[in-house]
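Just below sit the structures, each encoded as structure tokens.
Here subunit A shows up in two complexes: once beside subunit B, once beside subunit C.
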Partner chain A sequence: MEVATQSAEALKRQIATTEEELKRLKEQLAVVEAQSSIEKAVDGLELGAGPVTTGKWPLELEEYKRYGRQMIVPSIGIQGQLRLKAASVLIVGAGGLGCPAAAYVAGAGVGTLGIVDGDTVETSNLHRQILHNTAKVGMKKVDKIVEKYDLVLDCTDHPTSRYLISDICILLCKPLISASALRTDGQLIVLNSPPLPTGDASGGPCYRCVFPKPPPAESVVSCGDGGILGPVVGTMGVLQALEAIKLITSGKLLAREGEKADDASMLLFSANSNPPFRSVRLRARRAKCFACSAEGGLTLEGLSSGSLDYVLFCGVTTPVKILEPEERIEAREYERILKEGNRRDHLLVDVREKVQFDICSIEGSVNVPFSTLQGSGGLAAEGEMPAWIPEALPSDAPIYLVCRLGNDSQIIARKLKENGLGKDSRYIGDLKDGLKAWKEQVDNSWPEY
Partner chain B sequence: MASEETIPIIVEFTGGLEMLFSDERKHRLAVPAKDSKGNAVTVGWLVDYLCEEIMKDNRKEMFVLDGHVRPGILVLINDADWELEGEASYALQPNDNILFVSTLHGG
Partner chain C sequence: MSTSSKAPPGHFKILYFGPAENHTSKSSEDLPAPLPIAKLFSTLEEKYGGIKANLLESCLITVNLEYVDIPENENDEGMVIQEGDEVAIIPPVSSG
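This part shows the complex of A and B:
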């Protein structure tokens, strides 16, 4: 009997080990399959590397089938298709704009496609980066050069790169299709078209003509902080591909002698507006533009020597450092306060926007959004208590502030003190590193978003 | 004597600027036809008026910086860059559409 039990145990262990092994093999298979599907997709993009044409017809028979429906559109035609095949397009930024743009540029039959990106792919981006899948997370993206291409698509996500790319396109006489998106809004501009040399007022305006001064760094909101809807940024990326196809097929990659720029325009997209699309007329080249005018100071030498500091030009936001160490507590310290005390002994104010507070919050905390406190309301007239402080809260009870990362909470802590809420020897301070630290130190089930 | 006469205009905000204006993208306003000195009101005057009369938010520097519309904001008069229309000196006309667009950078 004992022998049988032992043998059963041994078999169970063996089954468990084998199941573990099977699971591991299945995971490996999934990764290999995902990679091969990506490789296939990438192979498909390199149409220029395919077999040479037979000579009788300018395209491969397969290509007539593949692009037939596009070629019978009057504005494309066989000439347009041949131009697409001969064209090379560089996409800078392989995120929410770059991925759909690349898919449609490639799908239209553009002969050479380059994709540059300095970032690594993060899981938080996957809802809008349709060419990636989880197997590629953590993989470094590709790196190439503008010079080798006919046309550039700016699909990056920061003013720094936008000024840099525009400057390079001006110096190398390449048209530039620039798009951006945030929340439910998108913007699209075709720049430097026609791509005439610097000093030629007939050329299309550059990014600096439209935005000579960069916005203050603190006014720049990223998709990570402000949020983004996949189809919104996808729409903008697809529109970039469309503009690329229009420029290529109409033969506008190179400026023709004596060509005048059409009025430059910017397309605005607001998913929640009616109508959602709106086109506005922009100015022509700026007579004193730093990049594209005759008297501007921009040169290829200056650019390649690194004498232009784009990061400095656009400004940098440094981590907020307003509070003194004694005005800040660790997340684990707050947990101890919660356990030892009673909730009425203190107040935890979460200053994230309501939409974030609704996702997850620490039990017992009250939500007073940063925008409310910084904006119109949230603080009472001098000598009075703001409405969000419970009446039952003793006047010397500590107020702790918390936010996502521990920046906004410092600003508000200082503001509350300046507003006189710290009198009566009330402690006002924040949770260092915000809810990020709460997850790391206290509650690893916290849903970080 | 300032005139009582007003002119109807539409002021719109997009690209996040609406957050500074009570989260309203479109504002139908009746603004005085003349400023305090009796001159016809301009877009430059309108920028100050919006800051003082319409914006409830305290973060004025997100809209006006050093006396000018903050860098990164495009001003469009009837869907054309205000630089095509004389910038701040453009005199407001009845039913003008003035659009303030904050540049986006995300991608």
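This part shows the complex of A and C:
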């Protein structure tokens, strides 16, 4: 009987491994197929570039019906519609920005629409171990793809891809419409318009002109960590499509002879602010910009050879590893402490922000948000007890810290120790892997959000 | 937040956008004017320890909705923020 169980176990393991392998192969196939369909679409455009005339009218009869309401808008007209049909637009990133942007760009009658996502420049890969390779492979592919389009929409979600896409657009003289969104705020900028060559001060500024220095890697907040409202990111994506339509229909995809940049501006959207929209005027190209000035060091060769390390430039966040193994306990170990002991024997401090604590929390835990413990706040002067420690708590009672994933809890545990709360041989440590481990080890009904 | 109200006499208004708002825990405030733009970062650093390296140095700064350059040296000449001006701290948002 035992032998049979063992061999069944072995078979199950083998099935799991094989399924894993199959999944990986399918993913690879999808990437290859997506790549070749983009190439095909682009080839199609090259064959049929320019307005297609079948008979005496430049558009198909059905197109007059479909785009009629748009065409009778004075700033569009038949000329604008023909320009849209002849144009090719590349959308990089098919998430919260890219999806609405793509819907409206396609809906306006743009002739060729390319959407790149997945391994090509999938920036969520940047959080993984293989980040260097992925970023460089992506780079090589992206400049080859961008080459084939007239206009690029940056709908990605990380500084690394934003600098990379901007640099490519500068080198290939393509205008770029960049948007972003987080929580209730959004930003929109039309960059490199007119798209004049590197060193031409009349060209529009690039992403590096506006933000020469990337934010510290630890300060970069994703929508997954910081939160996002659908209509906020949707608004920004739709506005990107609008800017694309404006650029195309006004014939601004290529720089005209002697053209100078209009004042570039950044549109800021803050849903909770009054007024919710603000437009700030930007300067022309920065005289010493690394990418678009004559003094800059950016070249296509440097970019395709991978000698420019965007990941390094933007900084890498390494997993937080502050506490020693003996300063950390497993979730199941805490459950045992909870069952065996008296609640007053210890304190569990949840350092997530209040909005997250309100969603779900371990019974008996106290919420002291990470942000309130930053700087000097939240902690009492040397030798005194912070207000959030119950008076009844014995001075040697352990304090356990918990957060969503087990990073912030380490930072705070260390900080409490440094502040002297660990004297009187009090144990201070955190729950390893945070509430994620609590769900895995203790309570599978825990609402993961 | 209501950012449309004017700063009281002798002050300028400073707006904190997106991540800057999280850093200062407020969307706007009034600071004493005049203030040389070169001293803006050190003034804010005094109020919010760590804000210069963690946030301000990668931000876009505008005065009355116009982009301004922050001189690298505090004693450099540069524009002076005047009473009633509106300064905005705009960190790059990259997610989407």
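Convention: the second predicted complex is superposed on the first by the 368 of 449 C-alpha atoms of A that agree within 3 Å, B and C clash if a C-alpha of one lies under 4 Å from a C-alpha of the other, contacts with A are read in each partner's own complex, and residues count from 1 in each chain.
Simple rule for what comes next: a contact is a pair of C-beta atoms (placed from the backbone, for glycine too) under 8 Å apart; a residue touches a chain by one contact, two chains touch by 3 or more.
Keep in mind it's a predicted model, so treat the numbers as computed, not measured.
A.B. asks: In the superposed model on subunit A, is it clash or fit for subunit B and subunit C?
C.D. replies: clash
A.B. asks: So in the superposed three-chain picture, is A:318 touching just subunit B, just subunit C, both, or none of them (first/second/both/neither)?
C.D. replies: neither
A.B. asks: Based on the superposed arrangement, let me know which partner A:213 touches: subunit B (first), subunit C (second), both, or neither?
C.D. replies: both
A.B. asks: Using the superposition on chain A described above, determine whether A:93 touches subunit B (first), subunit C (second), both, or neither.
C.D. replies: Once the two structures are laid over each other on A, A:93 reaches both partners.
A.B. asks: Contact-wise, after the overlay, does A:342 reach subunit B, subunit C, both or neither (first, second, both, neither)?
C.D. replies: Touch partners of A:342: none, neither subunit B nor subunit C.
A.B. asks: Once the shared chain is lined up, is A:444 touching subunit B (first), subunit C (second), both, or neither of them?
C.D. replies: In the superposition, A:444 contacts neither subunit B nor subunit C.
A.B. asks: Touching A:283 in the superposition: subunit B (first), subunit C (second), both, neither?
C.D. replies: The answer is both, since A:283 touches subunit B and subunit C.
A.B. asks: So which bits of subunit A does subunit B touch that subunit C touches too?
C.D. replies: Common to the two interfaces on subunit A: residues 93, 95-98, 155-159, 162, 179-183, 185-187, 210-211, 213-216, 219-223, 226, 228, 233, 236, 266, 268, 270, 273, 278-283, 371, 375-376.
A.B. asks: For a test of understanding, state which residues of subunit A touch subunit B in their complex under the given definition.
C.D. replies: 93, 95-98, 155-159, 162, 179-183, 185-187, 210-216, 219-223, 226, 228, 233, 236, 266, 268, 270, 273, 278-283, 371, 374-376
A.B. asks: Show which residues of subunit A lie in contact with subunit C when the two form their complex.
C.D. replies: Interface residues on the subunit A side: 93, 95-98, 155-159, 162, 179-183, 185-187, 210-211, 213-216, 219-223, 226, 228, 233, 236-237, 266, 268, 270, 272-275, 278-283, 371, 375-376.
A.B. asks: With touch defined as at the start, can you tell me which subunit C residues reach subunit A in the complex?
C.D. replies: Contact set of subunit C toward subunit A: 1-4, 17-19, 22, 25, 27, 48-50, 53-55, 57-58, 60, 62, 65-67, 88, 90-96.
A.B. asks: Which part of subunit B faces subunit A closely enough to touch in the complex?
C.D. replies: 14-16, 19-20, 25, 56-59, 61-62, 65, 70-74, 76, 79-81, 83-84, 99, 101-107
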